[in-house]
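Each of the next two complexes has chain A plus one more chain, namely chain B in the first and chain C in the second.
Moving on, here comes the complex of A and B:
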């Protein structure tokens, strides 16, 4: 099991945070613009899929989108009421996806990926970013570029300890590597 | 637990069959179905494109183009089987339903047997074939009764 990448989008589709954990072969040739295009694709896909899943869900079910599996990997998704979306790409692992991923004591519809993403939101994002004294919801440095100095004066998520806490949490998960 | 809908999308994104498999399935109008079919067709391609990891040649183990295989939602689970020729068989069910893959394979068999061998069936056109409809119905009855073997 491997975590490939994690993206956090606001409700308008702007990237608030992005990090790749595995370097692909093309990563040297892929420039920041291509990666930003790819993130737009991911957000658009999540947006449309949520609507599609919503119209296929029978009356009593919740219309949330949890995961999308392709032949190459699985995209796990978590959306908050305020429209913040956390998207995490992992490997396909049938055992983790069916049996091992059930959190003990929780009902069968909740996989531990959902629990993990919820934890990332409620205990890491809210603690480190939302409760930061510098945080202003509409004034966040978006589409972060690697290794570029932030001179816009906007609130930068890189100035909080969100990233280090996120890394520590993910590394503690049995499915991280 | 139970199956909800079955729909089949041809290789150019047109919907060629849609039907509900139980009374619990939400009512969806024909126009809405056409939209769902073509939206799913494009999202299927985008999903493989947006992934940070890709399969060699973008082909899965069946030799078909890679794309959405399964979607888990809060109240629905969707499975898709794409054949080498690009036809997508999509089934939705309530979470916890098993044997979805087997059922999709069986439906593919029924499609080849009942629709493709029908001399009046035109490729890529909507399936209006009584034999296929009845076979799917009896397949569903057998699955619910637990007679279809897991492979």
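Moving on, here comes the complex of A and C:
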């Protein structure tokens, strides 16, 4: 499995959507807490890095943060000026990282992670979530902690076909295995 | 000057890609919405507030629609809007064009560059509309002079700019329905909101 997880945050750091593609060994309750803590850290890191990069960038260059890479994996991020942040955690993908794929002339625009995240935003998120008549940006129900009471009247992303479209799209990518 | 050209070209490109609805149907639907509000709320001031609220909900959605399509038209928005002038251009040339098919003009910047006006030559919302004349007792003409028929625009602009961290206040200052020669929407920047972690982040 190349894609480990995908998270979507709003401007304020609230998780709008989260999904993991690799299973973990821990029990589910313990897991939920840990994951929520993890997301908090991810957002915090992206936020701080963005601030730092913004203050380092000279002139009118774009300070957009694209990915954070470690020995074990890469966190790809995409942010819009409306404040949405999409973060996708993958391993250091061999397809993307071979020299051949980056060689001049090689067409990697179709498979690059930035393009993929942009597609997720513009063709899946906007299409399925923003256009949903029930969508209210400030009032999105996130489900991560199971058993937590559902406040009625809140918009749940699970009620749209965002997730199924996202899965279908990711599965069609060469780096998703 | 080049950014102005670019914005109107981008607006044109986006407009050509948008799915279209019949303009008359659109105008009539909006008309019946306003009529219904007038009937329900009676007080025109309250109707204006409701229109603004509806517009706000539309605006917060529109902005994502615009941003997600902006690259199609070959403009990197993140680098383009450096100041309020650029933002105003994009709202008028791209936003209005993309969603309504009409081009708006920007002007009347204040000294401190914190407010501007958007001029609409023709207003697609107000096709077929006539407000009752002042003093028309039967249709409550005097009262309805206070109605801002197209107040929806104010809400849309407010909602859309709020999503990109600009808190603005909008007002319709001139209205062709009231005999002015042009529709003028005054937009005033109140503050640039700071990014930051919100309550939800802390509580989660």
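To be clear about the criterion, the second predicted complex is superposed on the first by the 142 of 177 C-alpha atoms of A that agree within 3 Å, B and C clash if a C-alpha of one lies under 4 Å from a C-alpha of the other, contacts with A are read in each partner's own complex, and residues count from 1 in each chain.
Basically, a residue touches a chain if its C-beta (ideal position, glycine included) is under 8 Å from a C-beta of that chain, and two chains touch if they have at least 3 such contacts.
Small disclaimer: the values here were computed from a predicted structure and weren't measured.
In the superposition on chain A, contact of A:126 is made with chain C only, not with chain B. Residue contacts after overlaying the shared chain place A:4 against chain B, while chain C stays out of touching range. Applying the stated contact rule after C-alpha superposition, one finds that A:172 touches neither chain B nor chain C.
Touch criterion met: A:64 reaches chain B and chain C at once. Using the contact criterion defined above for the overlaid structures, shared-chain residue A:38 touches chain B, although it does not reach chain C.
By the touch criterion defined above, A:135 lies against chain C but remains apart from chain B after alignment on the C-alpha atoms of chain A.
Applying the stated touch rule to the two superposed structures, the overlap between the chain B and chain C interfaces on chain A comprises residues 44, 60, 62, 64. Interface residues of chain B, counted against chain A in their complex, comprise 4-5, 24-26, 28, 32, 36, 39-40, 43, 46-55, 60-61, 66-76, 78, 92, 94-96. Of all residues in chain A, those touching chain B in their complex are 4-5, 20, 22, 24, 38, 41-42, 44-45, 48-49, 52-73, 75, 89, 91, 108-109, 111.
Against chain C, in their complex, chain A makes its touches with residues 11-15, 36, 39-40, 43-44, 47, 60, 62, 64, 80-84, 118, 121-123, 125-126, 130-131, 135-137. Residues of chain C that touch chain A in their complex: 57, 60-61, 63-65, 67-69, 71, 76-79, 81-82, 163-165, 195-201, 204.
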